[in-house]
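Everything below concerns the one structure shown next.
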């Protein structure tokens, strides 16, 4: 029947196009030496890095709820963080698309690469990854010196913070990302690294999951000195703190609850591993040693 | 005798349906989160250095996706017809005999073990899903056979048991897996239409087309079988062979569909039903028409999934479930009195 | 010419044999009734004749060839089976149902030939169901449906027709109608018809030969006039009743303990 013939015909067409595969790279004017003019970022921290490297005018696409820096809110949107919209990306006519390394974004990067777009995938899971990523992006975008400067600035600021508490005891921190069910940040996360940079240590030990759900037993035995909860709604933090204190009230034996050292911090800032790393670490450090920062 | 199917009649119906399919494909390729104009797509006069986003979107994003929806929809619908005939139950769908949990198990094993077996450029997840689906359905078949050669109930119960057991396994493996892997597994399983290589699509089309043609070839026997197994035997139909062939083909094309796009529910249930309600239970027209209307249904569902909550995308399984769920309930109420749950 | 030969047939579902050493021959064009009490093995025998069960010992030959030697398709060309009517789950119409019998003769495209349609048409006409041709089976009465099932068996164009209690749930008019139909098929087309039935009176009126199966494995085979004689029936069915003669054939009315005309109650006043 004719459907079979159509199918065979398509097959032939594919075969012919496969052997004459000389599609020019859609990157257009991008050659090996020139830098990209139209960059799309698919994650908020990547956006922040791009802005920090001085590439603001070259950015033509950011994910939907980008809010930092404020200028990012005006850029064209290319879908959400979890589900980037490939059509919007293509419509932005990018010559470089930067994505993170987790499954959905890696997937999009593969699809774009298959179509012929230049993509750059960076894994930003730990602090060292982050510094490396800054370097890679700087190189790809032709902003090597700015990248180096950004990196060294950040390292200096982190050193400064560290100098404030050398030789002092490290308070135990329980970093709670979700209350129902109770989930905390484990030792294999960048949050943990931030806690350590801020002079604390994680109240729980190693776990299989990065953000494990934990039972009430562990809360009692972990002996946390400080409980930190990030929130996306920073306008309401006072009220949220009251609610948190009420929630944790039943764990009276835990030092953090006893001493009312429960803190609500800006989730937007801390849950992103980006150029505001120093601010994030400082926020945590303030929770750990409030007196030290009171001056 | 009026109202009987003739070759000419069937040819006409199929042609009309195909025309509808092409029209739908065309219209839906122009719908999406970005508005593109057909003129711009074909405007190749601009130099190669300039990117033509309209062309890119049309040819590399929309078209492959629509073709994929077409293939998967057709495969699921055809296979749904077959399973409903084999099980003599209009509420059967392609996943009823363990394909869904088998695919799910395959996927989570692929993700956890990190084994990197690829086949023909398909990702390990797709390969494991295919293997899992096919392996499980044959397991159900063999268990079902133990309860009697043409016993439908045995097959159904085996399917229920295997589904339950594998689902438990999946939950167990999910709870010990890393959260990122889990997330991507679930996302994949919910049914997703992404653009594939044209070569992959071509291969898939070949498989599914061959399967559909083979099913059409045994359609008259399926008619007799779906009437009643005992009578089929005395009318000269080799029940065992026909059941095996139909089962094998349907299982294969379903496994191909699942490996291409995850688990998309309700297509294999609703489309055969609707086509049967309108055109009657003769499998010689039920199979080709269900295939075509399954393709149309999924293309439209996918288009809705793409634009309804733009810029995010709904998994296409959500759209098919929202449309399919209420329809299924209505059918259940209508048919529950007619079906004796012990098959003949 | 004997179209069916049964020799020393034995069969049982478990240890006990239902049929033991059964032997008889059926002439071509004969109308045979198989009767007996429940559990005697009537349906079992029918299933053996239909090739659905394998005998434990003994043989069945159809047209001088043993049943096992026939392929499914060839056998369907020799023997057609009619069981109780039912409404299938899918809405097949009468004509679609009858045409199913011709499936093995379909052309390579999977469609019926003109000859197939003619045969089906004839079958519908002879069973007086042509007027329902495009109606779904669910819309017919039980009697009409049973006739459609018989039409389907007729469309199979076989020499032998096996029927398992075709009139069990039918009213009197339809019972007679079915038997008339079968007798016509026997007379006009020379078909060999074997009916399993509970209704021995109707069988006596229409059938040529009868096979009485007893619950203990013994059997009797012969002309209906011989077989349906008083003492044989009473003994086999373990029931007493009234015997009468209509014309050529007799009839038997079973009378239980509390039946009005129970002979042994005649002397008692109520």
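By letter and in written order, the chains are A, B and C; residue numbering begins at 1 in each of them.
Following the convention adopted for this analysis, contacts are C-beta pairs under 8 Å (C-beta built on N, C-alpha and C of every residue); 3 or more make two chains touch, one makes a residue touch a chain.
Bear in mind the structure is a predicted one, so any value in this text is a computation, not a measurement.
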Most remote chain, CA-based centroid, reference being subunit B: C
Chain closest to the middle, measuring from C-alpha centroids that were averaged per chain: B
Rounded Å distance between subunit A and subunit B, as computed from the means of their C-alpha atoms: 37
Distance from the mean Cα position of subunit C to that of subunit B, given in whole angstrom: 45
Distance between chain centroids, defined by C-alpha means - subunit A, subunit C (Å): 80
Residue numbers on subunit A that touch subunit B, as the complex places them: 3-4, 7, 10-11, 14, 18, 24, 26, 28-29, 64, 77-80, 83, 85-88, 90-93, 102-104, 107, 111, 114-115, 208-211
Residues of subunit B that touch subunit A when the two form their complex: 18, 32-34, 48-51, 53, 56-57, 60-62, 176, 178-181, 183-184, 187, 194-195, 197-199, 202, 205-206, 209, 213, 310-313
For the subunit B and subunit C complex, residues of the former touching the latter: 1-7, 88-90, 216-217, 219-221, 223-224, 226-228, 230-231, 233-238, 276, 280-282, 284, 338-339, 344
Subunit B-facing residues of subunit C, complex: 50, 52, 72-73, 75-77, 79-81, 83, 86-93, 95-97, 99-101, 103-104, 106, 109-111, 117, 120-121, 133-134, 152, 156
